[in-house]
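Have a look at this one.
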Amino acid sequence: MKWITAIIKPFKQDEVREALTAIGITGMTVSEVRGFGRQKGHSELYRGAEYQVDFLPKLKIELATTEDRVNQVVETIRTAAMTGKIGDGKIFVLPIEHAVRIRTGETGPNVL
Amino acid sequence: MKWITAIIKPFKQDEVREALTAIGITGMTVSEVRGFGRQKGHSELYRGAEYQVDFLPKLKIELATTEDRVNQVVETIRTAAMTGKIGDGKIFVLPIEHAVRIRTGETGPNVL
Amino acid sequence: MKWITAIIKPFKQDEVREALTAIGITGMTVSEVRGFGRQKGHSELYRGAEYQVDFLPKLKIELATTEDRVNQVVETIRTAAMTGKIGDGKIFVLPIEHAVRIRTGETGPNVL
Amino acid sequence: MKISENRCGLVLHRATASNKMAGPLALAALLLPGVGWAEEAAAVLPPPVLNTGDTAWMLTSTALVLFMTLPGLALFYGGMVRTKNTLSIFTQCFSITAVVTVLWSLFGYSLAFTDGGAANSLIGGTSKAFLAGIKLDSLNGTIPETVFLTFQLTFAIITPALIVGAFAERMKFSAMLLFMAAWVTLVYFPICHWVWGGGWMMTKGVLDFAGGTVVHVNAGIAGLVTALVLGKRKGFPYTAMPPHNLPLTLIGAGMLWVGWFGFNAGSAVGANGAAGMAMLVTQLATATAALGWMFIEWMVHGKPSALGLVTGAVAGLVAITPASGFVGPMGALALGAVAGIVCFFGATSLKRSMGYDDSLDAFGVHGIGGIVGALLTGVFASPDLGGVGFFKGLDMAGQVWVQGVSVLSTGLYCAVVSWILLKVIDLLVGLRVDAESESTGLDIALHGERGYNL
Amino acid sequence: MKISENRCGLVLHRATASNKMAGPLALAALLLPGVGWAEEAAAVLPPPVLNTGDTAWMLTSTALVLFMTLPGLALFYGGMVRTKNTLSIFTQCFSITAVVTVLWSLFGYSLAFTDGGAANSLIGGTSKAFLAGIKLDSLNGTIPETVFLTFQLTFAIITPALIVGAFAERMKFSAMLLFMAAWVTLVYFPICHWVWGGGWMMTKGVLDFAGGTVVHVNAGIAGLVTALVLGKRKGFPYTAMPPHNLPLTLIGAGMLWVGWFGFNAGSAVGANGAAGMAMLVTQLATATAALGWMFIEWMVHGKPSALGLVTGAVAGLVAITPASGFVGPMGALALGAVAGIVCFFGATSLKRSMGYDDSLDAFGVHGIGGIVGALLTGVFASPDLGGVGFFKGLDMAGQVWVQGVSVLSTGLYCAVVSWILLKVIDLLVGLRVDAESESTGLDIALHGERGYNL
Amino acid sequence: MKISENRCGLVLHRATASNKMAGPLALAALLLPGVGWAEEAAAVLPPPVLNTGDTAWMLTSTALVLFMTLPGLALFYGGMVRTKNTLSIFTQCFSITAVVTVLWSLFGYSLAFTDGGAANSLIGGTSKAFLAGIKLDSLNGTIPETVFLTFQLTFAIITPALIVGAFAERMKFSAMLLFMAAWVTLVYFPICHWVWGGGWMMTKGVLDFAGGTVVHVNAGIAGLVTALVLGKRKGFPYTAMPPHNLPLTLIGAGMLWVGWFGFNAGSAVGANGAAGMAMLVTQLATATAALGWMFIEWMVHGKPSALGLVTGAVAGLVAITPASGFVGPMGALALGAVAGIVCFFGATSLKRSMGYDDSLDAFGVHGIGGIVGALLTGVFASPDLGGVGFFKGLDMAGQVWVQGVSVLSTGLYCAVVSWILLKVIDLLVGLRVDAESESTGLDIALHGERGYNL
């Protein structure tokens, strides 16, 4: 099983969720994060002084999926999250060694 | 060393933390996340219109532990976080390759 | 490629970011988390009653980097985040199996 | 008849003082049977003097009505938008306040409240431009003219600020400033003159005690036109855009409710029986409107929402506004209930079926509520229903007809001029922010700030 | 004696006007030595006329007291609950306002403030039900009756709203609505009549200038009963339930403080020396109560908290309420300090040792503070301590005794009727939400909304 | 000249009543040509009686000015600091209110507003310490003395509270309490006496209607000294410290704006033409100052910010404060615009170039704005510019000179005494929290609470 972590632009949340639902993904966990990367931040004003904000609001989607679906999921997220402009984000895949559903104690792919 | 990520119901935070403390776990990191899964969201009202909210508030607990304690920790979280109702969440275990304590520079199991 | 997760004291954010930029790291993702560890919490007041707060605000920095830079990055974070007082936090390194840049579809080290 | 004597006496003072019928109450002079008496009495009445009690109440009312906009309305609207646009609402409300204040002192007050000579039925004159001739001891009736004009200014401020709700989350700040400056000049000042400054509606016998037509129908229609011309927000109506901070909205609602006592009871231009009754009926209509919306939402959607409850309350406040000098307590209870229920459908079914994006229901609540209130004023002013009676020579049908005419003329004039202004400004500077700014949010895109760094 | 003359003169006007002793100040007529003079003078005094200054202040006071509830109290309480229940507090406060307003106009005002004939010592009559006969020129003393009745309405609104603090985070909205409607009818209206409307407590000589007993003891006891009948919140007292948004609570505290000037100084029913002194002593007692709580918390817990400071302030406001027409400045300083310290223990040690879950300390602050204030009024009214003196024929011991009787009777009557009402409503619709709704939070479970989408 | 007669008449009443020139308006008696008339007339005028309208307005003004601090200023400042320090601001504002209230009743009012005998040009006496002799029927002019002294108290409260902005986020709470208690006693009470209580500045002819020098220059300079003595916050100016909750700041700004009507128009000590004009010019200057800051920020930084707009508004409110009884509408427009632009540079370039850490620009806005206002009062009071004229015997140059002297003396005296007090308190308890508390935040470190648990 694999752990997919995607950093995307926040306003893409609904599109990505719908695209994932469309390919049968039924679970994911998201959180608000702040990202630093190639995309420039912006300057903000405070009492007539400007200061630079380097961190931009991003959304992190984490989802566990089976080995055979990894490519499809990554591709789906990529397509749905892409605007073509800098700052679209990245997707990382990490290995999962073990998974448990709290409610039932099931393990392995059944957890998903 | 393993990285345990548990997604649980927010109001279970104290119970889980106490159960973990009881088995000698002294460190963990938690964050507020929003979860999408089998558990239905709810509808909300806005000026007499209803809309569906799919993401539910969840709590993510992340904790590093040694190989030999993984099962005990997973089982402890599971027991403490379980209500038996849908949406109780999942636990995932990922491999850790390296760990450092910032204060001392110690590495390996000593970090915990 | 490796996934570095560092839990640090929030007010160290700028120092760590600058230290990382100085060694050529151009991307990272941070989020607000709450930490439980050796560092004592504090007591808070509510209408003349005291209660214990165990979780302390921490910052989580996540960044993907190539194998050859892991040690340098870990060391840089450690140096910049260290105050020498309890609660400075930890750094964990996890394996990444696959990485994609959403904007271009590039994979591997080019993603960074 | 004691009451009408009192009120006409009051009006007479004001007319004598300012050599002009000005302000909401003035109408009463034309309307009530006692007016003949008032005219005779004028010969023997001493010249008007400052009454400290009336002045105290009008100073207070001025503060209360400004409080409705700053921070009341800014909170009410600012809590309802998404996080990324909350400061834009506040900035709009504060800057409208500043701009209208300046224009009012330069020419607005004069255009609205002086004699326009030949054109008087349409617009006032320029004799008080730059507030010329207004001194410490200038009176309007029993209060200093400075107080009267500042009180009226607060109405000129809140009216454009109400429009903000219709175009929230997508309009350029520069275009907004230009539009508002032009709109108060070409729409608000004239209509204010028509109804309260001696213009044609006043002569015709329209009953609009505190601004149901001048303020609410006017702002509501302008809002509708702006929403139509600007188009929908990106994602509307498919993406949910729930309020980012309802407690702010609820604070704002409380402030509007309380401030409205200054709006309605202040429109009596004195601390008298009319002010007391206006306060009482305002409270009653607001209560039944809130309950009306609450119960109907409970029936339709299964739950009574906090936002629904206070939206109903605002609908009631809007609807009782024109009526607050003319109806009795039981009429107010009925009027409020009707307003709460009608606005519920106005802000929901009507909007959905027509498909425009009136972001925060400026038209749904102020437009619809204002129309309901204006028409029902013609009903519940009836002495048989506890009211003070109709304009001289009118019966209920006639009064309702006049009310309808006032709504239609206001709506039509406002719609046409607003539409032209928007089109011209679109050519000049563009009305709408670009897609990226809209998605980033106006706070960072236009004002370089974020609402929260929690 | 100049002071009593003034005040009795004032009262006399009001009594003549309404043909009834109504309102807080009326009591003064019975209480002060100068009353004999007042009665003689009545023969020669002209009939009461509207005083614009008194009217201006009472219009303002009405706005201020409504402001205490909307949004003041809603904020004070709404910030203290957990995020998931904040809208439920606002909804309760707004809906209570609406429901009580309607009931007041239908029969509440009449039951509280008209002559009940044979039953008058217990309850008023129905002669003004549906606000019958109240016209633009009806007076109550020197102010329009509409203003007097709207002012009194704001007291009838805030009293049940205060109870909300005791049962926060667990009561059904429907049960809450039913309870409040029944409670104001069967508890508030009668007790209001007892003390201010000519009932038995008024005759007995109870000193309650602005509602220490009628409002605060009453609400505090009803809160305690509700907390006991409903039971504790899930997790209480083991789970910490810290306030979700203290800035909201602190805004609310500021609004309560300022609005209370309308509450206490408005209870003078005019812009006079009594109003001025009431405002001054209110400010003084609030200051020492805030400092009293702050310093004792600092000593006991090592830190002075923001919430403690403002809770002390509210305790002071509560305690000075009954006393604000009767004590002098130095008495107020002392009274406030005592209230701040006693309420500190009331909201902490007492609650903990008894084990009830008075969520936001409605009883701890309003009940205890009200009792302290009622009793100390009997002390600091003493002319030797700078006060205006006791009820005719009473000495300090006698006055304190009468004050104690009023507290006990109010507490007992309120407790019994509240308990019966709760039991009946529990049978009808159930009082408490189910466990899942409680854990989800009332905002989503009952109102279908979330407070924040930041 | 009708106007001056009115105002002198009014002043005369007050002088006769309190046997002392007290309060802002008193100055007018010395200043206007009609004063000779007033003195003659004194012989025939009846003794002053309570005017209910004046009293109503002053009761209201008192509530409005307290509202400026609680919760207005607490919000304005509290929203601008970082999350971890927001409660410390509220706690400071509330505790300052409580402490100053107690000191005012013990000796402050007496020192400021009674006759100091031989020392009268420097300080008042102790005849009204403990508010001795102040009864229900004590008058100050046409209002109860209780109202006058509570109104003046609200000025004594807000002045130290304004200083909070300069040392936010790093001062010990205990040191803050000691400093404020000492500062109002040794700085505010004397300076208040100099200008309004019969002291040397009053005699010299300083024009300070509502406290430009007494309140704003005074607080601004004290803030500057505190910022210098305490040193910079850790990280300043390299770390960005953006406001944690701008909506709170914007609510606060709205409340300040509205409350300021009580501040300025209330300083007329009655519901009269002077109050009306003060309200009008306050509104006008605030509007142009807001626009001034907005447009210059737009030019310099490319965007108009919400915080900029309201900071400009506050700058305008500050600057019109001394002038509000002396200038005309067009003068107010000009004065406001200048203030908005000058303060823009004061809070930005000046601060940056000097390098002190005036956290929330207490000096930048109140100090600079107060100086601008004080000096320009000497200009726009000119009858040629629509004002009421200069102090008897002075021309524009002379008046500006006197204004400058008042600014300098206030600034110098305040700076020296503030500096000494800070040094002494530093020795006693230490001024600044330790580095860890500063980095944790004052809320948890000093008050044991967190602002939000969302």
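Observations on the model:
To keep things simple, chains are lettered A, B, C, D, E and F as they appear, and every chain counts its residues starting from 1.
By definition in this document, contacts are C-beta pairs under 8 Å (C-beta built on N, C-alpha and C of every residue); 3 or more make two chains touch, one makes a residue touch a chain.
None of the values given here were measured: they were computed from a predicted structure.
Of the two chain pairs shown, A-D and D-F, the one joined by more C-beta contacts is D-F. Centre-to-centre separation of chain B and chain C, using mean CA positions: 18 Å. In this assembly, the C-alpha centroid of chain C lies 53 Å from the C-alpha centroid of chain E. Separation between the centroids of chain B and chain E, computed from CA atoms only, is 47 Å.
Each of the following residues of chain F touches two or more other chains: 51-54, 56-57, 60, 242-243, 245, 251, 271, 301, 303, 305, 307, 447-450, 452, 454.
Residues of chain A in contact with at least two other chains: 31, 44-46, 50, 94-95. Arrangement of the chains shown, judged by which pairs touch: an irregular graph that fits none of the line, ring, star or complete shapes.
The chain pairs satisfying the stated touch condition come to A-B, A-C, A-D, A-F, B-C, B-D, B-E, C-E, C-F, D-E, D-F, E-F.
By the touch rule above, chain A contacts chain C in their complex via residues 2, 5-8, 31-38, 54-55, 58, 60, 70, 74, 77-78, 81-95. For chain F in complex with chain C, the touching residues are 239, 439, 444, 447-450. Of all residues in chain E, those touching chain D in their complex are 50-57, 59-60, 62-63, 66-67, 70-72, 74-75, 78, 86-88, 90-91, 94-95, 97-99, 101-102, 105, 130-131, 134-138, 143-147, 149-150, 153, 173, 245, 248, 251, 271, 443, 446-454. Residues of chain F touching chain D in their complex: 2-3, 6-7, 51-54, 56-57, 60, 64, 82-83, 242-247, 250-251, 253-255, 257-258, 261-262, 265, 270-277, 279-280, 283-284, 286-288, 290-291, 294, 301-307, 309-310, 313, 329-330, 333, 388, 452, 454. Residue ranges on chain F touching chain A, taken from their complex, read 240-243, 297, 300-301, 303, 305, 307-308, 311, 344, 347-348, 352, 361, 364.
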